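Each of the next two complexes has subunit A plus one more chain, namely subunit B in the first and subunit C in the second.
Moving on, here comes the complex of A and B:
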């Protein structure tokens, strides 16, 4: 079930909210939060089972196993050896489960390719959200090991943390330390609920009205012979994809944050206008913040971070970014995409720092955007060869014409949405003018969001093109 | 504590058994779409149906051929002929959810279109077959649905 579906919007969500806010217990009673956690947990299991009836067993097994590991680590706090064994067992289990379901096919085919043999192996389908919930679980057991958080002794709050449907299948990756207290007790009030609804509708609008609308352009371009596409077609296609992936993923994150607020949780921000970045370092401070934070806290810093020799620091960056690429998908183009950013970050930090600082801000912005778009070519292509073919068309290396009738048609039919969405992605509509009258502002805001919601519903009913790009991770 | 370690080991054993059962149950076929489609159309009559290219597939089904390992789709160009046959080979690790939802949407749309005024076509559409097996999605609306399904199962 996706958030942008009629079944979720008009059946699942209203029922869950209704049950969640049933006035069975007094507002600040602990039993009230136990009841709320139970509703959230059961509805999350139903939500997951809707699309993954078999793999729900895997998630439950993972939850139960790591619940025991957390307590095991804490129980052995004075015995370093046993404590470490429990941690290694936990990390090993999680990496094995993720590795088997996500990477076994990739490992076998790469191994076969290395020796020129075609190995017969058919991997199982990828369980939805496994990359997200596995990373959340690992953050928990590592934090328990370092004593940053206490082990959760009650299964229900722990299960609620891992399975919570707002962020279960496409993030943001919520670290246990961020919501440990909220799992026991959280602020639930009308203001927070209303803020959640606004976040949710904003995300829905980004996804349905923007990402879905513009996404078909790139699909249309790449379904033809991209090697023969004109330069303008190729650039226009990747501009559309750049907008699509941002609105798709940040829209989903907004919906997740909004749903979290509706249930009283505060999730961290996952996007901060990434396309206004003026360097690659800046871009990754603004894009998929929860993933970058995870890799920083659990891979980069344990490797030594930047408090090591220059050579070791460069190696650390390359390791972290190759893993970041691999996290996104089991294919070499994702590894290349990650390494591409790793190399760029090294260049920015060690070689071009002075040049970048002297470059005018506008030019820095343009260069960053172009580099990010080249990155999206690597990211969106099925293979490295496809990516290189696409890049070839962007720069006309195969004798591609500069402009043709396809480009004329695509640009003329989509230029207005592209300009509007670009302005939106650059934050041009972030601070719209307001009157001094608070009531008028509220009425205008509510009317605006109601219109956006109605438009989304109309689109959802009439359109079939409704994928979520980040589901496959 | 020992009891937690035992619980952890039990979970590991369950995981391995779970993986074993899934692997034994869902082994994907190594056949190509061409081979599977060839076997099916040699057993059923698809006269009057024409093969659709990538653009037509995108237009008809909202499915991008490049997202899958292979797609074979034939349909009639006649408005009142509802016969069609679709075979999709999924990529490694790929979920079938998106394609199946789109096929279901297509079936529903077609049923709505013909319901009430074209009983023959409506009946055919109600008897559609949509299944997933060994890494393939199979969908057909044919007079010989059963023959098509049995050919499909046999080749896998």
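Moving on, here comes the complex of A and C:
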């Protein structure tokens, strides 16, 4: 079940909210939160089982196993060796599960390629959200190991943390330390709920009204002969993809944050207008923040971070970014995409630092955007060759014409949404004017969000439009 | 306040004093109530609303509440079907869909579901992709079929589609490969005795000056378009068409064709005409052998009550239809065709004593069997290019 479906919005969500706030006049004491956690946990399990009726067993196994690993680590707090064994066991289990389900096909085919053998292997389907919940679990056991958090002795809050449906299948990756206290007790009030509604509707709008409507352009361009596309077509295509991936992903994160707030949780924000970044370092401070923080806290810093020799630091960056790339998908183009950013970050830190500081802001912004878009070409292409062909068309290296009829058609039929979405991605609508009259503001705000919500419903119902055609009859 | 986390869209004072907080609460309460009301009441209304069985605008049976069984849960089909059920049965679904298609056009979009939204209310289907390989395979099977019957007079006529005939109405920037040269490429590959190859492009282009030769909301040619093609066929075969008067009668003026369904755009309606040779109606016997049905009309008026009114011609598509006419001619004709031919066939009736119509897409037997069964003087192969290029049944049927 995705958030942008009628079944979620009009059946699952109202029922869960209704049950969650059923004891509305009771004091928000521990008992009440036990009840709330129970509702949240059960509904989350139902939510997961809805999409993965079989793999839910894997998730439950993982939860129970890691629950005991956490306790085991804490029990052996004085015995360094035993503590380490427990940690390694836990991390090993998680990485094995992730590796087996997500990367086995990739590993087999890569090894096969290495030895020139075509290995027959059909990997299992990927369990939804495994990349997200495995990382959350690992944040927990590693933190328990370092003693930054206490092991969770109660299964219910632990299970609620891992399986919480708002962020279960597409993040943000919530670190246990950020949410530890909220699992016991949290503020639930109308302010928070309304803020959640705002985040949710904003996210839904980003996904349904923006990302979904622009998505076809890039697909259509790449399904043709991209090597012969005109320069404008290639650029327009990647601009559309750049917008689509941002609105899709940040929309989903906003919905998760919004749903979290409706249930009283505060998740960290995951996107902060990434396309206004003025350097690659800045971009990664704004894009998928929860993932970069996770890699910083659990890979980069344990490797020594930047408090090591220059050569080791460069190596650390490359390791972290190759892994970041690989996290996004089990294919070489993702590794290349990660390494691309690793190299750029090294260049920014060590070689171009002075030049960048002297460059005017506007130019820095433009360059960053272009680099990010080239990154998206790498990210979205199936093979490296496809990516290079696409980039070739962007810069006309294969003698591509600058402008042709396809470009004219695509641009003329999509220019309004693209301009509107670009403005939105640059934050042009972040500070809307407001009147002095408070009542007017209230009405405008409520009406605005309700209208956006209704539009989303119209759009997502229309997406299922499926005329039966007596067409070939 | 949390809301300031991201973008400052909510109007709360940045430095909330007592009063401000109180006022802010109105906003919060208002939004909370509105949102919960919409999803709660929306869900409830959907729950009590009566399910529809059939969607007229989508021309299909809508999903009903899925059966709950252990196995349907275990393999996830229950969940999938439930989601389809929810969106299929959503209240005001049809309204929402037409609103969305209106918004799409407002935003500048000029195509939907593989159909171009062209000028003057024309909806034009994207043409099928032409490949030399497909053209070669198709013409090869036609050639080897035709060469078995050297004495019979044969013709292949393939029609271009609206995307070519009305290319000037396509959204600006759309440049499609010329169907005229594709047709030439196909017809050039055909060879044999007593054999003519008809590129009907010119006939249609000339006729469109006077009237629409394609429907605006459907992928078929109009009866006027078919008439222009009929004239070209008749002239090629030296049929004495001047001796027969043809009359056009409008039988429906609210036809919304497949392209209207595909796009969800219902702004325009087409009229359907039928074309009758004088004094002809009632003077033939039409047998639908597989249906065990006989009528005396080439038209099926009951189909005008349904959505796909184009089926008024011959009642739709059937594997084999035998038409016996009162024509004094002794000629017998086999038509191998797709649905484009359906509205043209009545025009041919004055010149043939017997017309057998076969649609290879519905045939299980070989066309050779039909050839053996009757003694044909003429064979007409009549297709439109889109169907021809996508066809998967002809090669088998001609074997």
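Simple rule for what comes next: the second predicted complex is superposed on the first by the 461 of 473 C-alpha atoms of A that agree within 3 Å, B and C clash if a C-alpha of one lies under 4 Å from a C-alpha of the other, contacts with A are read in each partner's own complex, and residues count from 1 in each chain.
By definition in this document, contacts are C-beta pairs under 8 Å (C-beta built on N, C-alpha and C of every residue); 3 or more make two chains touch, one makes a residue touch a chain.
Source: prediction; values computed, not measured.
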Does subunit B (first) or subunit C (second) touch A:128, or do both, or does neither? first
Considering only the touch criterion stated at the top, classify A:459 as touching first (subunit B), second (subunit C), both, or neither. second
A:54 in the overlay: touching subunit B, subunit C, both, or neither? Say first, second, both or neither. both
Which partner chains sit in contact with A:184 here, subunit B, subunit C, both or neither? Use first/second/both/neither. neither
Pick one for A:382: touches subunit B only (first), subunit C only (second), both, or neither. first
Per the contact definition in the header, classify A:68: touching subunit B only (first), subunit C only (second), both, or neither. first
Of subunit B and subunit C, the chain that contacts the larger number of subunit A residues: C
Which partner chains sit in contact with A:197 here, subunit B, subunit C, both or neither? Use first/second/both/neither. second
Dual-contact residues of subunit A, meaning touching subunit B and subunit C, are 51, 54, 464-465, 467, 471-472
Per the touch rule above, subunit A residues touching subunit B in the complex are 51, 54, 57-58, 61, 64-65, 68-69, 71-72, 75-76, 86, 89-90, 93, 96-97, 100-102, 105-106, 109, 120, 122-126, 128, 219-220, 222-224, 330, 382, 464-465, 467, 471-472
Would you pull the subunit C residues touching subunit A in the complex into a rising list? 1-3, 5-11, 23-32, 34-36, 38-40, 42-43, 46, 57-60, 73-76, 79, 82-84, 86-88, 90, 93, 96-97, 99-101, 104, 107-111, 113, 171-175, 219, 258, 261-262, 264, 308, 311, 316-317, 339, 361, 387, 390
Considering only the defined contacts, which subunit A positions touch subunit C in the complex? 1, 5-7, 9-11, 13-15, 17-18, 50-54, 190-195, 197-199, 201-202, 213, 254, 257, 261, 266, 269, 272-273, 405-410, 412-417, 427, 429-432, 434, 438, 441-442, 445-446, 449-450, 453-454, 457-462, 464-473
Inside the complex, what are the residues of subunit B that reach subunit A? 1, 4-5, 7-8, 11-12, 14-15, 18-19, 22-23, 26-30, 54-55, 58, 62, 64-66, 90, 92-98, 102, 105, 135
